[in-house]
Amino acid sequence: MRGMKARAAYTGVPGWLYALAVVAALVVVLPLLAIVARVNWANFLPMVTSEPALSALGLSLRTSAASTALCIVLGVPLALVLARGRFPLQGLLRSLVLLPLVLPPVVGGIALLYTFGRQGLLGGALEVLGLQIAFSTTAVVLAQTFVALPFLVVSLEGALRTGGSRYEAVAATLGAPPRVVFRRVTLPLILPGLASGAVLAFARSLGEFGATLTFAGSLQGVTRTLPLEIYLQRETDPDAAVALSLVLVAVAVAVVALAYGRPAGGRTAGQVSGKRTTAPAPAGGNVP
Amino acid sequence: MTFSFQAAVAGRGFDVALTVGPEETLAVMGPNGAGKSTLLASIAGLLKPDSGRAELDGRTLFHLDPKQHAWVPPHHRGTVLLAQEPLLFPHLTALENVAFGPRSGGTPKHLANSRAMHWLAEVEAADLADRRPAELSGGQAQRVAVARALAADPALLLLDEPLAALDIHSAPLLRRLLKRVLAGRQAIIVTHDVLDALMLADRVAVLEGGRIVEAGPTRTVLERPRSSFAAGLAGLNFVPGTMTGTGIRAGRGREISGHLEEPGDAGGNNRPGVAVFPPSAVSVFLTDAHGSPRNSFPVSITDLEPHGDLIRVRAGGLAADITPAASADLGLVPGMTVHFVVKAAAVSVYGT
Amino acid sequence: MLAAAALTLGLAGCAGNASPGDDTGEGTLTVFAAASLTSSFSELAEMFEAQHPGTDVTVSFAGSSDLATQISQGAPADVFASADTRNMDKLGDAGLLQGEPRIFATNTLAIAVPTGNPAGINSFADLARAGTRLVTCARQVPCGAAAAALSQQHGTGLSPVSEENSVTDVLGKVISGEADAGLVYVTDVRSAGDRVESVPFPEAAGAVNTYPIAVLAGSRNTTTAGAFMDLVAGPEGRQVLAQAGFGPATQ
């Protein structure tokens, strides 16, 4: 199918659309190029390998990995329940879960503050347990999970919905109890969708700024992730801020390439539509 | 060792009761939306009816009424579903797919694999063991799916149009295969194809509008259909009405004389009955050709279509098969009014 | 109300002044001022407009370093009032100022604590007590530099749980009760009203922040700009600034 696409002589796209498409691409690409153009290459290496920069990058990678893991552990059940379960207010829950996608991160930070903060909803209970969330690395992970979870849930739920539950039904009639169906059928089938969802969640965590700043604070090695470090460096050393921004852009490019750059066939279990498909991802043949 | 089933789903207007004897294969036929899928899904445990009761080999599958609520989940039923699409797990090899059932039942891996190999050999697919579903043709995949269903050792095998998605070359092969493996097995096969019913089933049940309108041994149903759907399957004209003693009085004042199949009906008892006759027994005339013992109906032609070597003329809900030459002589076109004429001796009349 | 006044004045200014280039004392004056000056400079702008009918003063408030960056990127402004000398010097070095900057106010640090002072902070030394959740500004911003300087002078070894980008962020964490104490400016505590309490400490005198103001090289309205600077540095300006908690210019 891909081969056919490449040979197709007729695209059905009117010419003037290309002009607007180029403008659209420039809107995204030009600012990124502007960063590259602004980089002070002579001092680039020292700036991105300075102790605060490395500490921030390390913290960002660690917290993003942790929040991605948390997103997987919590997001897979949530996506399954939303896609397959049937319970009252399901639609409402789905909308609520997706809210962080459109919510300004600062609002997320404020919401988290009034949940896990000292004076927050759970703050008292957590204090009794000896847990202090605010100003800790845990707060960063929580903030990142808050904003990243919807990405994982959305991409997974999409895969689950379009894939349908026919394989699960067959597995059940073959005698597999639900836990076996989940482990041996559902999980392997959604793996491609889960992988791209996890990569997106990781990317979102890496870029998380507003909620972290509002909720977690900013302290080197503890809560000051790379975006916060960039924001701070801007105050005194714009060159360093630009250099670190480029690092973040590079990481983001790598992450997005990982999520979307793979052959079309293996993208997600839900990509193949139509009634008669025999397998959710047969075209690429690269189901892990 | 009997399977008995009775269930109602109010939302779908579904209310069906049936039984399948040990070592019996029942074909369920009916138009789209008749409730065939609902039937299989409630047997397999994928759909919960509003009320009803099903037992398989003395085990209760479900018993739902205001006082009782017994419900056995799909994986404890022993009712394996083989669908139109093979639905092989794409991430497993053919062998792993076939071994899935035994392994889910707790059979150790090596035992499950040898059992899977046995069933793959049984469906002549042993050489496909290591292939992934994406590397199988439609026919191969469906054979593996049959092996997978059988390896799960089903007490009752449910087949949902297993041949419908196959091309004309693969279907006969798989039909022969199914005939072999269904012998001596308790099974329900949903099919649109009268050939499947004839070859694979001992009995046929016709489902229409969520209800069984007709059931019986395959031969009887096809020779003496009591529903228009079964008549259609058998390729027969079907006119319902009331028994008159010499034939049937149908709607629109149409009287059809025929041969009474049951001697007791000679009295003309106004019982509901049907007149059934093959399209090949119908002649087409431009003018009314009276003369006993013939039936003649003025009809308006709705369609002309090729039917083997003949032309099938559809008019007034009936069909007539005539030669192309006769059709040309008469100058038949849709919309034209003609007379369908059939000898009374060619019409079977019986009560329903 | 100020916005409405600015709008009507702006329209009047436009009607009377076709060309923005002439230097008559009338027209539009754009002032870039540090965020901590928000209330006082709003008041002073209104006062200036009342004294100079036909003049429209637009004040843009932001962090000093943001404003300095905007000016060096060519933002059209007539006057810049910074919360520190560093950002002003940066513009001076780049040749973006007309004449020498004038110091017009000072600001000192204060300890802000949540209402009721739950952690019982009573002195600068208390901030270093183990278990105290102190929030300060990061060293890179003026209020953080001042806090670090004090910490070093008195050897108190402050270990904040968070080093924020701005005074507002510090204040926010004190108001919400997440922090036991925050080091902010006297003016910030005052503008926060009764949402926080202030703990005065004598050591604050050791790190005084000075506020310079200057006319920018790009200004086309230097006379009006100069008049505005005079108002800010004059007795009326001093009074308004003192009300907000600023100290007098010492230099």
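Per-chain residue numbering starts at 1, and chain names A, B and C are given in the order in which the chains are listed.
Convention: a contact is a pair of C-beta atoms (placed from the backbone, for glycine too) under 8 Å apart; a residue touches a chain by one contact, two chains touch by 3 or more.
Source: prediction; values computed, not measured.
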{"item": "Set of chains whose contacts include both chain B and chain A", "value": "none"}
{"item": "Centroid comparison with chain B (C-alpha atoms), farthest chain", "value": "C"}
{"item": "Chain at the geometric heart of the assembly (C-alpha centres)", "value": "A"}
{"item": "Computed distance of Cα centres, chain B from chain A, in Å", "value": "50"}
{"item": "Centroid spacing, where centroids are CA-atom means, of chain B and chain C in whole angstrom", "value": "86"}
{"item": "Distance between chain centroids, defined by C-alpha means - chain A, chain C (Å)", "value": "39"}
{"item": "Contact set on chain C toward chain A in their complex", "value": "63, 65, 69, 133, 135, 138, 140-141, 160-165, 169, 172-173, 176-178"}
{"item": "Residue ranges of chain A in contact with chain C within the complex", "value": "113, 117-119, 134-135, 213-214, 216-220, 223-224, 228, 231-238"}
{"item": "Residues of chain A that touch chain B when the two form their complex", "value": "166-167, 169-178, 180-181, 184-185, 188-189, 191, 276-282, 285, 287-288"}
{"item": "Contacting residues of chain B [partner chain A, same complex]", "value": "44-46, 73-81, 83, 85-91, 100-101, 104-105, 132-134, 138, 141, 148-149, 152, 158, 165"}
